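I have placed the structure first, in the form of structure tokens, so that the comments after it can refer back to it.
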Amino acid sequence: MDTAALRILVTGGTFDKSYDELEGRLLFKASHVPEMLRLGRSRLRVEVETLMLVDSLEMADTHRQRVLSACRGAPEERLIVTHGTDTLELTARVVGAAGLPKTIVLTGAMVPYTFGSSDGLFNLGSALAFAQTLPHGTWVAMNGRCFRWDDVRKNRASGVFEECGG
Amino acid sequence: MDTAALRILVTGGTFDKSYDELEGRLLFKASHVPEMLRLGRSRLRVEVETLMLVDSLEMADTHRQRVLSACRGAPEERLIVTHGTDTLELTARVVGAAGLPKTIVLTGAMVPYTFGSSDGLFNLGSALAFAQTLPHGTWVAMNGRCFRWDDVRKNRASGVFEECGG
Amino acid sequence: MDTAALRILVTGGTFDKSYDELEGRLLFKASHVPEMLRLGRSRLRVEVETLMLVDSLEMADTHRQRVLSACRGAPEERLIVTHGTDTLELTARVVGAAGLPKTIVLTGAMVPYTFGSSDGLFNLGSALAFAQTLPHGTWVAMNGRCFRWDDVRKNRASGVFEECGG
Amino acid sequence: MDTAALRILVTGGTFDKSYDELEGRLLFKASHVPEMLRLGRSRLRVEVETLMLVDSLEMADTHRQRVLSACRGAPEERLIVTHGTDTLELTARVVGAAGLPKTIVLTGAMVPYTFGSSDGLFNLGSALAFAQTLPHGTWVAMNGRCFRWDDVRKNRASGVFEECGG
């Protein structure tokens, strides 16, 4: 398989939260995605672009429009969007409904990368693979699974992503 | 996308090496794959089967035939084989040449999972995604990339997997 | 040197904060001190007693009196108190002013143990050593250094513990 | 307590072993002690001097004489020697028998620092505390405990340091 160029659009979320020693709380400093690619010894040609660093609960529609614009404007056909899990499904719907001729994979993490127990590296690895192999469309990759943008939700009680079902 | 059942066939390799405190050296105890799936909070239905726990430099042709037999006999259509990187390409050729009607992804790690700096979790995440999305055939997934079984080799000088080229 | 019996009194603080995946924030589950002693392969005879699990900013005088009571009532002569760093100096003064005939070492961490980048294991190791070797009195052990209870403060700007000076 | 200047003499051992990705084995690159002091947010004035980077099983008497010379020649009164655990007791005897008017603490680790499960940070924290508080003499600090140089041995069966007893 040819190694397609990929772009990772960073929006923040749990993925990228850091612990602030002086304030004693979680906040955003800079994205950990470049460090995670180094740890994974990634050999893909990847561009990392930080669009914003926000908690997805604080995302308004203007934020989602910026994500959509960045997806539309990116020169690459294969894109990953890192995102907080709380409203990830909403951004997936905004991007997915636009029907861009691209493969766009949204991913996140349940635990910040800076914790030893984070699922972030695992999710990033699978998102990069899904982005290289899936057809055009918008997808959500979490915890080994991949969902269509119009059939995914986060189960608030269990914290697990699942199909909407019905 | 439906969540296909997957089987992970463990053969050992760097992936699974542990540090023995009494002997002061690296050796095999038990596979770390189940723990890695928990850390990745994997929601896939996965069977983990340990075929052997060996350094891939110690693999003889009989070992590779056992891997091939296990691939053939597994009830699942989608398989992952964890393997040492030194002779991973040789096993890929034995399995690939058999032309089984299955998607088989071999993967490994440059650094043992028990090290903080391991690429194992990243590779396992991407292997699981490749195994769900690629067509029948035998593939090698390393460091974000995926190679066909008959066009991959480990560059001994750089330690990087690459196409055979030419 | 004889291995004196030691008691560790847990009060919470940054040391013991965990990340809650469902809520997306830091909170207390159970103390990590037993796990830290296992990681350090501690061979000391140590009793771990959880008095409370609170953020030290939420400690009132009644909390500090409970810490003092526990220090007074403990059968061991050598004690460690794990504590949040924000008001650690206040509890040190309450305990220190009581002048108990014991060696009492308060310690904490700038970053939760569950983060890869925590100073907790280092501080716990040094607190255990200080508690075994220092004379009776109340001490604060942070980041390799040890302070008297009546000559220590946390510098709010730098986050560093230092003498009061003057 | 005043913060005495301290010198850490590095000799290698398990403490400092790194994993070589190309060779697939443990070897020495550079000492991890400076990184460990950063992680512990150590506020001590410490000099780190690498005397050698060897496995303690490969230490000959000339190596131990170099350690003794470095202890004697160091301007600081308080010293730590990081050392492999297999022959740590032998070096302790060479240094201890010299009776230098200094406090010298030998320490090591059962698991390399680069492993997530290392006891190294814990041992370094306690060694720094013991070096600040113990009287002149040569000591061995391991896993929370501290031993006199002439009454310590590594139990080969259990891997644990203990008094010689008898």
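Annotations for the structure displayed:
The chains carry the letters A, B, C and D, assigned in the order they are written, with residues numbered from 1 in each.
FYI, a contact is a pair of C-beta atoms (placed from the backbone, for glycine too) under 8 Å apart; a residue touches a chain by one contact, two chains touch by 3 or more.
Everything numeric in this text was worked out from a predicted model, so none of it was measured.
Taking the CA centroid of chain B as reference, the farthest chain centroid is that of C.
The interface holding more C-beta pairs in contact, when A-B is weighed against B-D, is A-B. Chain centres here are Cα averages; for chain B and chain C they lie 45 Å apart.
Look at where the CA atoms of chain B average out and do the same for chain D: the two points lie 39 Å apart.
Each chain gets a centre from the mean of its Cα atoms; for chain A and chain B, those two points are 26 Å apart. In chain C, the positions touching at least two other chains are 110, 116-117.
For chain B in complex with chain D, the touching residues are 14, 19, 21-22, 24-26, 55, 86, 110-112, 114-117, 159.
Interface residues of chain A, counted against chain B in their complex, comprise 1, 3, 36-37, 39-44, 46, 110, 117-119, 121-130, 132-134, 139, 141-148, 160-161.
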